[in-house]
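Paired with subunit B in one complex and with subunit C in the other, subunit A is shared by the two complexes that follow.
Now for the complex of A and B:
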């Protein structure tokens, strides 16, 4: 019997995959998945351009500088002392400020902005009357900052919005789409158990969402790493847990597809209008940080956040409410998080299977 | 009369005046709108906050009553910030109302191939769009600027002519802010429903455009180290325009004028999308 069911599931998957991947209605999901990739490509292009400019500035400098040379400059140093360490600056801007000192008197202050580079990092010096006032080092490659930026986009945009709406589009369409196309009765007339049909449709949806969003995630990682030079890329991938993080992100994407997919499959059967469940789930997932510990467990994002490899630090000036959004106050252990998502998904699938058995088709009410 | 003797005779009755033909669509579409109990209930819900504002205005001018309650009279101040908050709340409700009502206006006509039936009559495409958008326009006006002006008038009657004269610009801001929001919501909802042709999905897409736009804007800002990402967030742009119109002291990385230009660009784009789809016939390849 199990063998027959599995054959039927495979047949349903085969039929559904074509519809899911090539449906005109679902084309926007590709756009949703492509947006973060395009964003990281734009970032890589901008960073490559910046890197090229930095290299040119370093080439124009009087001497070849190392990062240690840039760090040697301290506030209060004179222009001559700076020139002794770094040489003649390749880029200089200067202007004069007339600062009032009394009712009828002004003081002239000569401001100079010097720009040095070691080929990777930039040093911006602000001088007033020949003395260093401000020092700003702009690091070409800041792996820590970049990893946090990637994690932020993944957690707050890709997981909560792109995958969420992508799953909404695909999984709600599995049954509602058939009803609107007036083709569900073909499935129901076939000698196949409805639970088996539901399982087949769910697996087809899961396969489609996973293919689209895991590919998007991989492309994002490639685009993100594109602008690094080979040494920095190796450092990030093999010594800064970059490879491990990339694998975890793919895993989290897969689990997000399972969790949200199961949610929207059941929502597609219970509701005619997806706005209501979509808005409800979106708000529920959004207010998750403010919920009591018990209620937190009945959401997908709680477990997904716990699995994310990079904790996003809360900057000191962030208001308390926003800080709560960013931080993950009481994360669960990874095995528990995986089990949690699977349990939530199985619960949703159980409700779907009960619902699909009771389902009656009435095309005229649509 | 025998059937074979019946032949075509053109309509010879009185015709609706040309200028008011779009109102025919309005009349029928509005009737359909209030068939849904949820929609009617939500429409009633939209008046709760204006009523609460009305009570606040009354309390603000009842110092003795507030004193009895032990509430300092300075706690409630009716100023530009009060009307800005009113506009923000009603703006959100207007968006939700559009998500329910907007997509059902055009998509059934397109999905069922009903447009030739409209355009075989003395009825232009512009009149069709105007007629359909007037449904949302009038509906959303009833929950945004009309109650706002009522509140302003009541406040004016309590506070006196000098307050009314000095703050007359707030009334103007209420109307302009509402009309811009109504225009963008109506055009967005109709353009989406015309292209998706599926009422339910169009509603969900409208929701997605707002939330997704906000999320994508933040992602652009974080990755590119810029504030220009907000230009893809319609709600943020609208908030920037409202902040400018109500002269509110709030930090916003985009000023009112560029935000307004961006909103006008969005409106034009939606109108272009809409006009591409609203045709008497469609060639399907």
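Now for the complex of A and C:
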């Protein structure tokens, strides 16, 4: 019997995948999934351009500098002292300021901006009358900061919006779309258990969302790492948990598709209008940090946040509510988070299986 | 296992709207036609029979199986619905093939069986075209092919002849007849009464969600007491016959047939009337034929339901 069910599940998946991947009304899901990839590509292009410019400045300098050399400059140093450490500056801008000192007298101040680079980081020095007044080091790229930026985009856009709405679009349409197209009876007239049909449709939705969003996630990672030089990339991937983080992000994406997919599958059977469950779940997930501990557990984002590999730091000046929203005040352990999300999904699938048995073909009431 | 399709005190309400009410049926093999005007509950009855809708009250069993067990039910039930929508992007062949795959049939068997079903409805040439590009008649035929594909014991066909040209109609009727001869249960809904009359072994007459009559059409007719039975007698001397018949207490009304070679009369007791006719024939009147004139579906329908929305 199990073998028959599996054959039937495969038949449902074959039918559904074609519809899910090539449905015109699902094109926006590709756009949503592509958005963070485009964001990281744009970022990588901008950073590569910046990198190219910094490298050129370093190359035009009198000597090859190290980061330590840039840090050696202190306020009050003379231009000659700076030149002794860093050499002749590759880029100099200067202008003269006439500052009034009395009713009929002015003082002439010579301002100079010197720009040095070690090939990655920029040093901007502001000199007045030959003495260093301001020092500004602009770090070319910082893996730590970039990893936090990646985590921010993943948690606050990709998980909460892209995957959320992508699953809404795909899973809610598995049954709802066919009721609207008046073609659901095709399945209901086949010798197949309704629960097996539901499982087939869920797996088809899962396969589609995972393909779309895991591909998006991998492309984001590639785009994110693109602008780093090979040494930095290797350091990040192999010695700084980069590969591990990438794998965890893929895993979290997969679990998000399971969790939200199960939610929206049952919602598609219970509600005619997708806006109502979407808004309800979005609000429920949004207010999760402010909910009592017991209620928090009936949420997908609660477990997903705990699984994310990079925690987003809260700046000291961040308002309390916003800080609570960003931070993960009471994280669960990864095994518990995985079990939790699977239990939530199984509960939703159980409700779906009850609901699918009750479903009737009554298109005229739609 | 029961050998009937059974409805026991079945009612179906869509909210406050009545679908069917207190239906009790026991449908035997053969062709059974559901007859009634639009909204009388024909499609609801078929949807109930196939589990597409669930009864608000009562019990339905198809050859011993409950209708909420599609896995077993549709192994021997095929349903050609009136819903004119198909899964998107499928060709005629894919439509049947996918349906067979859903039943768990191995892919090669499904392919072979799908082609056989397509051949039975003469759709081979159009099978590789998208269903969306089919004409109404072609869509009707491909739905029939789907219902027939797995050689079901019970065929439920909602208005199966709609949109078909005369040739296709006669082919389909022959197909239904052949299935019935093989012992299948063919349930057909139609409001084209002359076709129902030709093909049905028994009828179920529906009106406003109620079954108003069921059984073989002659039996149903004989139970309608308030309308006298009409009998057409072909003979050489109709006037003389009419005069003699009025001597009998069973004759209510008689009129000479338009061609002058027959007599149409009404009687309240057909059996006694036929006995009296035997006596008259022995007395030298030459009678060519005696046949009931109103034991067809059309007459019964008009007596019980009225003549609204009927296609003769």
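Convention: the second predicted complex is superposed on the first by the 345 of 366 C-alpha atoms of A that agree within 3 Å, B and C clash if a C-alpha of one lies under 4 Å from a C-alpha of the other, contacts with A are read in each partner's own complex, and residues count from 1 in each chain.
The rule is simple: a contact is a pair of C-beta atoms (placed from the backbone, for glycine too) under 8 Å apart; a residue touches a chain by one contact, two chains touch by 3 or more.
Here the structure is a predicted model, which means the values were calculated and not measured.
J.: Touching A:336 in the superposition: subunit B (first), subunit C (second), both, neither?
T.: Neither partner.
J.: After lining up the shared chain so the two structures overlap, which partner does A:283 touch, if you call subunit B first and subunit C second: first, second, both or neither?
T.: neither
J.: Considering only the touch criterion stated at the top, classify A:295 as touching first (subunit B), second (subunit C), both, or neither.
T.: neither
J.: By the touch definition at the top of the document, which applies to A:354: first (subunit B), second (subunit C), both, or neither?
T.: In the superposed model, A:354 contacts neither subunit B nor subunit C.
J.: So, does A:274 touch the first partner subunit B, the second partner subunit C, both, or neither?
T.: In the superposed model, A:274 contacts subunit B only, not subunit C.
J.: Between subunit B (first) and subunit C (second), which does A:181 come into contact with in this model arrangement: first, second, both, or neither?
T.: second
J.: Between subunit B (first) and subunit C (second), which does A:42 come into contact with in this model arrangement: first, second, both, or neither?
T.: first
J.: Return first, second, both or neither, reflecting whether A:7 touches subunit B, subunit C, both chains, or no partner chain.
T.: second
J.: Which residues would you name on subunit A as touching subunit B in one complex and subunit C in the other?
T.: none
J.: Okay, in this complex, where on subunit C does subunit A touch?
T.: My answer: residues 14-15, 47, 50-54, 68, 70-75, 79, 81, 83-89, 98-99, 101-104, 146, 150.
J.: So in the complex, which bits of subunit A are touching subunit B?
T.: 25, 28, 32, 35-36, 39-40, 42-43, 46, 149, 152-153, 156-157, 160-162, 165, 168-169, 172, 176, 180, 272-275, 278-279, 282
J.: Applying the document's contact rule, which stretches of subunit A touch subunit C when the two form their complex?
T.: 4, 7-8, 11-12, 14-15, 18-19, 22-23, 178, 181-183, 185-194, 196, 357-358, 360-363, 365
J.: Of all residues in subunit B, which touch subunit A in the complex?
T.: Touching subunit A: residues 99-100, 196, 198, 200-201, 203-205, 207-208, 211-212, 215-216, 218-220, 222-224 of subunit B.
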